[in-house]
Amino acid sequence: MNQLQVLVKIIPQLLSDGLALGFVYAIVALGYTMVYGILEFINFAHSELFMFGAFVGTEVLLLLKSAGILADMSPTVALLLSMLVAMIFSGALGVTVDRVAYRPVRSAPKLVPFISAIGVSFILQDLVRMVEEAKNGKFYLNAPTLFTNRITLAPNMVVPEKTLYIVGLCLLMMVALTLFVSKNKWGKAMRAVAQDRETARLMGINVDKVIALTFLIGAALGGAAGTLFSVQYGSISPYSGFVLGMKAFTAAVFGGIGKIPGAMLGGILLGLIEVFGASFLGALTGGVFGSEYKDVLAFAILILILIFKPSGLLGKPVGEKV
Amino acid sequence: MALLEVKGLTKTFGGLTAINSVDFSMEEHQIVSVIGPNGAGKTTFFNMISGYYPVDSGTITFDGHSLTKLTPEKVAAYRIARTFQNIRLFQNMLVAENILVGFYMNLKAGIGDIILRLPRMRAEERAAYDKVMELLSYVGLAGKEGELAKNLSYGQQRRLEIARALAIAPKLLMLDEPAAGLNPRETEEMKQFILRLRDDMNTTILLIEHDMKLVMGLSDRITVLNYGEKIAEGTPEEIRGNEQVVRAYLGVEEADDEEDGGDAAAGEVLA
Amino acid sequence: MSDVMLALENVNTFYGKIHALRDITFEVKRGEIVTLIGSNGAGKSTTLRTISSQLTPAGGRVVYQGGVISKTPAHEVVGLGIAHVPEGRKIFPALTVEENLQMGAFRIRDARRNAENFERVYALFPRLKERYRQRGGTLSGGEQQMLAIGRALMSMPKLLLMDEPSMGLAPMLVELIFQSIVQLNRDGITILLVEQNAKKALKVSHRGYVLQTGAITLTGTGRELLRNDTVREAYLG
Amino acid sequence: MAQHPLRPGPAAFDGKTFAVKDWIVLGLMAVVILAAPLWLMADKGNSVAFIAFLASLLCVYRLRVPAWLRLLLAVVDLAVVMPLVGASSGTFAHVATVICMYGVLALGLNIVVGFTGLLNLGYAAFYAVGAYTYAIFASTQARNFMPFGVYPLSGNWFWLFLLLAMLVSGFVGFLLGLPVLRLKGDYLAVVTLGFAEIIRLLFNNLSKPVNITNGPMGITPIQPPMIFSLRLDKPVHYYVIVLALLLLTFVVVRNLQNSRIGRAWVAIREDELVARTMGVPVVRMKLLAFSIAAGLAGMMGVVFAAMQSYVDPTSFTFMESIVILCMVILGGTGSMTGVIIGALAVIVLQLQILKDASSYLTSLTTAGILNLPSWLNPAKYERLIFGLILVLMCIFRPNGLIPEKRVLQIKEKLGLKPKADAGGNAASKEG
Amino acid sequence: QTALPVIKIASVTPLSGSQAAMGETIKDGIELALNERVEEFKALGFDLQFAPQDDQADPKVGVSIAQRLIEDKDILAIVGHWNSGVAIPSSEVYNQGNLAMVSPANTAVAVTDRALPVVNRICARDDAQGPAGADYLFSLGLTSVFILQDKTAYGQGVADEFQKRYIALGGQVLGYEGITAGEADYSAVEEMIRASGAQAVYFGGIYPEGALLIKQLKEKGIEVTFLGPDGMDSAELVNIAGEAVVGTYYTSTAADVSGTEKGAAFAAAFKARFGHNPEGYAAYGYDALNVTLDAIKRAIDANGGALPTREQVVTAVRATSGYEGLATNVTFNEIGDNTEATVYVLGFSEAAYPPAVIKAIPVAEYLKK
């Protein structure tokens, strides 16, 4: 049978897998985009906030398990509970990181916060590792299984229940965030601070508070995504944030950095491109390029899109008026 | 032949017509002013000549060459220089370096000369440096060459911007509100300066300004824009008497000259 | 409470090593219009920035309504009723006209008041109303200046600091601005004005101060200064 | 401004007069400058002495004495003391070599990031291109696809490949630059990141259908440089080669910086639109910056391949680009001496100080003096400490170790006397 | 107490970064073995010391460390590395310094094929382990396979050797794809496996990705027989994959260590010292160190009880023959490969580590090509 024909059969399945991955990217990308939108700097440590959230969320689940409650609990409640705790911890960590490592360098040259963030990223990775190792003797965690059902959505499309939860929860968070930023005056204040911090102060805006709020939200979302990630894929290590962070950041740029809907679109597209690219590259190129080229494909598409739309999919070119 | 010739120039932003089929021309060695209410399209007019905005329709011809489709660097190559309404300096470069950037086109050293620092290149640099010092003292910034541009006060920055524009040895110099932020005395100095400039540098000057003293005092001709359209054109006297211009822009001249030069010691001298 | 609204006492301000203000002492009384004049680089803008707490004085203090505000963070100074129309307009370029105005009203929680303020600003500058959805950065210079003034008014200030409000405005609008300054003052706003158009400014001012290389050299009523030879020679042209 | 009789050294003293305190500082520096090299010569394996020696180089740089004297001291230290030490201590020669290599890389990246203001997160890609260019031909790898020629090429080709790889990498930089240079700010950063990943993945995957790069297995062994039949494969040999390349690079980049090209770069960084209005051909200048930087990285890639005798894609990851960027920013974006010091600081920290410290702690543990549980094993926290130092440096030296300081180079270069301020514009009277 | 002459052995493995877990367990194994023999060496008149190093899985760092090590005169041998990519350039430096290296874990053929006198390894080469896996799969009657590998030197090396043999045996390779290590979503290749209809999956790579693949394949309901190389040999495989691990296999040069008496004692001592159970590579580390120390001891003897030179140690290590170890017996051939290594096939019948040994295949036959 023709290889392509075989692959066509699995398209629905790939679609659901790609979406699940894409939504995780999207939520993490939101954290990058929010901080970028306001401070114009790449919060390199955001992937570590994600990772931290994953650890906290997983630890909560493990705690429930070892206390023997998990089995009697509705898995939805357990998931929501662990997510909530993870969001609180990650959010708090995000604010702390901002206070300790970014605020002091806010008036420094543009790239300095970026380097500071790299430093924070190293520190967080090894700190989490140290704590986990001291606690468990090893530094990676495996999440307990929460959902076991598999739901048939369509022929050839059997989706694990947890994937549905992930997609649903991610959607919910995105909608909430979009509403917050567009309807609330704090949302506008974020944009004002982004453009001109000095003048924002003259308007009576407490710039540090606005920035802290941004970190709180971004990091909390990262923490939530971490928990979902850990539940979906089953295991997490202090170093899992890095690759995912790089992808999510790419997704944020893809969509138009600083734009919240852009980050979502970028994340989802990237997830789909990766999954479809990995499956179809081999067949389409007669085996010359296989799934190991999926990232090449993703980055190539990114570069092409940026060449033709230099401010990302949803970004508007900001024409200069002199 | 006119040095700068603009025909039917039009630019719209969304629903707004910022420049509406404007015809304009000026001769060499003239000083021409463009005036008009806020938002009339004056800066937009400059921006189109300098190649910042693509032209929607119409043509721009300079010295026989079409500028209509050119990018800013190509426009600069025809020796058209400008300043900006909101000052734009290279903030973190020194005052002298700001001007040296303006010399870019005048310097001929190739990359080989530069890497090897050949005598040819050194001589050129020395000449450039002398020219910088000359320009700086010309605009009254002598001694400031080693300061960072951002540390100058507003008025000093304006003058530096003009000096930088002069560095490209412009045939046409476009000044967007050069007297904004200057006090009347300084404005008067600026007026003298611009007049001198035309003769010393042998250049042609196109000026946007809201200060009528300045405009009336030095313009050969004046063009008035309102809502993107040219509503009047002529010598200062003609413009001053143009009813439409008075209504749209100048307003009724204030009966303001009542000062009687009273006693000088009225102020309490503190220091 | 005395009738002195704002007092600077021996204020010294630095930019790094540059000593921009030297022992500045002056006061603004409640209900006054006071003008600062001085040539380029004299330190006028620096003075206003020090008052609105964008800069912290290295010596001396700024007293506002009896309280020292030299170390109060800038965003809280606004809450005390001081609004600053900054030099160079400082519009938020990517926000619309309306959003820029909303930012000015950031600390006003009363929605009805806010609506009134919008009306007042729009009445003062109808152009802003026409353009309320345009992005601030694409406005013309003069339109931006209107927006900057309107934005400051949105915070319902008791003390308004204006840094060259007439800069870049067409002659008719300049007239309008000075008329509005008088009007605002009649409505109860105390105004500290920095202007290059010294003649017009001093004419509407109760008092004025002359600043020279960071120090105050002359003071008097608006009328007195207008007649002062030094002032006429140096600033009135 | 009161002029000091001695040359005003960069940022050494800000005071206007030479006070007693300054004489003391000068004295201390002199002692360090003289003592440290002697100490290191006497005890060639002592790593404290090595660090003191590096510190003495900094003192030389900061010393407020005539330029020729500083130059002389630096030449003696770098070209006499260091090779002598390196000949007996490969470790120090190796560390010094790595410092110089990253010095060149940092100088290159600084052209793009520091001068021109374009964020490049994929600099390691060009380094990789250079490394593979040499590796493929100086090993048996080329036999897989080259129809002619005898491979491996001998180490005598090394010298030609320095140039060749520079051209190849420069050209790759140029190609990348063509479409993407109209991107603004961080969009460019992401494209360069993506491009570097593509390059790395290609090197990792191009073992099929034709085996060009040998994929993840990497290429080995690679010929070391040779002069006639003399193999230059000792650490000290590499040190001398790389030191020469660093000096050469420094002079070339400095000359570029002090020219219309260098000024155009900075103008683009400051305000691109205005630069164009001044007639600066922005696209050409950006491409030039990109290509020169890429070329320098390519050249270093050749040295790297020869020195390691092994290249594989894991040496050219995103992290590698980031580390070079750290050097540039920590050293002082835009400042040439700064970025070299940045390279020195990062490398000495990573390869020398952290390693020494953790071996010391480990030896305490094994000797039973210190009892650390496994999760506190010091070797595990080198990265953590490195991260901590990054953050602290950012906070306490936000402008870098040696911040960019714009001085009127043109005046210095022309040997013009600083003009005495005619007292016209008062600004220098201190209060 | 007069100072005894020092003999230092260094371990070089990644202790930080994402591969630290593997590096750590090897280091622990080495450390344990070394500690057991400190007294023995003291009796011989030497102060035996341990110098663990972190190569961060980075070739550059590896070379720098190598440079440091060859200059520390007390170091007589090193045990390491984890990544072949680090071992190869580093060993060039050891060779310059005549420093013997015994590798517990580098399987790439190029490690010993360069025939450096200092380089030895106790584990099996890719071209032994891969073919052994192929032989076994084929013997199960599984004639179609889908090959995955993680695009590292290790994964690709062993997967390619597997493929060669499998095709030679007449098996059908229905797909060959690379995955990215460090990611968590492998659904695309899993769906391809489903679509290909292969009976078995061979994964060239290590357990973090392997375990996820096993788990996700099961969750997706894709029924295939899973086989991997010794990179899968870790208790974590079971922790991550859970019940899904039942029915999967891996090949390894180490048998179930805890089965033997010696092994049980090792496991207990390990647990007591480090607080957690040893994993496959810990035993390799343990054996590698003992091979090294035995050789040094012989060198001391040959040297009349005095401190041997590095050259003597290099010769002595290479002469190792008939060593009987915990995980493997060791006899080095002329290029430093272990001719006595055995490849075991292990299979999970329940979700518990270690799995049972199903078959033992001596590597000797693969080594003579």
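Going by the order they are written in, the chains are A, B, C, D and E; count residues from 1 in each one.
Keep in mind that, in the parts below, a contact is a pair of C-beta atoms (placed from the backbone, for glycine too) under 8 Å apart; a residue touches a chain by one contact, two chains touch by 3 or more.
Everything numeric in this text was worked out from a predicted model, so none of it was measured.
Common neighbours of chain D and chain E (chains touching each): A. Greatest centre-to-centre distance from chain B is found for E, with centres as Cα means.
With centres defined by CA atoms alone, the chain at the far end from chain D is C. Here B-D and A-C are compared, and the pair linked by more C-beta contacts is B-D. Between the Cα centres of chain A and chain C there is a gap of 45 Å. If you average the CA atoms of chain B and of chain C, the two centres end up 28 Å from each other. Mean C-alpha positions place chain C and chain D at a centre distance of 50 Å. With centres set at the average Cα position, the gap from chain A to chain D is 34 Å. The set of chain A residues touching two or more other chains comprises 126, 129, 137, 292, 295, 320-322. Along chain B, residues 43, 52, 84-86, 88 each make contact with two or more other chains. Multi-chain contact residues of chain D (touching two or more other chains): 204-205, 273, 373-374, 380-381, 383, 427. Listed in rising order, the residues of chain E touching chain A in the complex are 16-18, 20-21, 151, 175-180, 182-185, 187-189, 191-192, 194-196, 208, 211-212, 215-216, 219-221, 236, 239-240, 242, 274-276. Partner chain C is touched in their complex by these residues of chain A: 185, 188-189, 191-192, 194-196, 198-207, 318-319, 321. Only residues 36, 40, 42, 100-101, 104-105, 107-109, 111-116, 118-123, 125-127, 129-130, 133-134, 137, 246, 249-250, 253, 257, 288-289, 292-293, 295-296, 299-300, 302-303, 306-307, 310-312, 320, 322 of chain A touch chain D when the two sit together in their complex. In the complex of the two chains, the chain C residues touching chain B come out as 15, 18, 37, 39-42, 45, 87-89, 127, 138-143, 145-146, 164, 167-175, 196-199, 210, 215-220, 223-237.
Listing the residues of chain B that touch chain D in their complex gives 50, 52, 71-73, 75-77, 81-82, 84, 88-94, 96-97, 100-105, 107, 109, 111, 114-117, 121-122, 125-126, 128-129, 133, 141-148, 164, 167-168.
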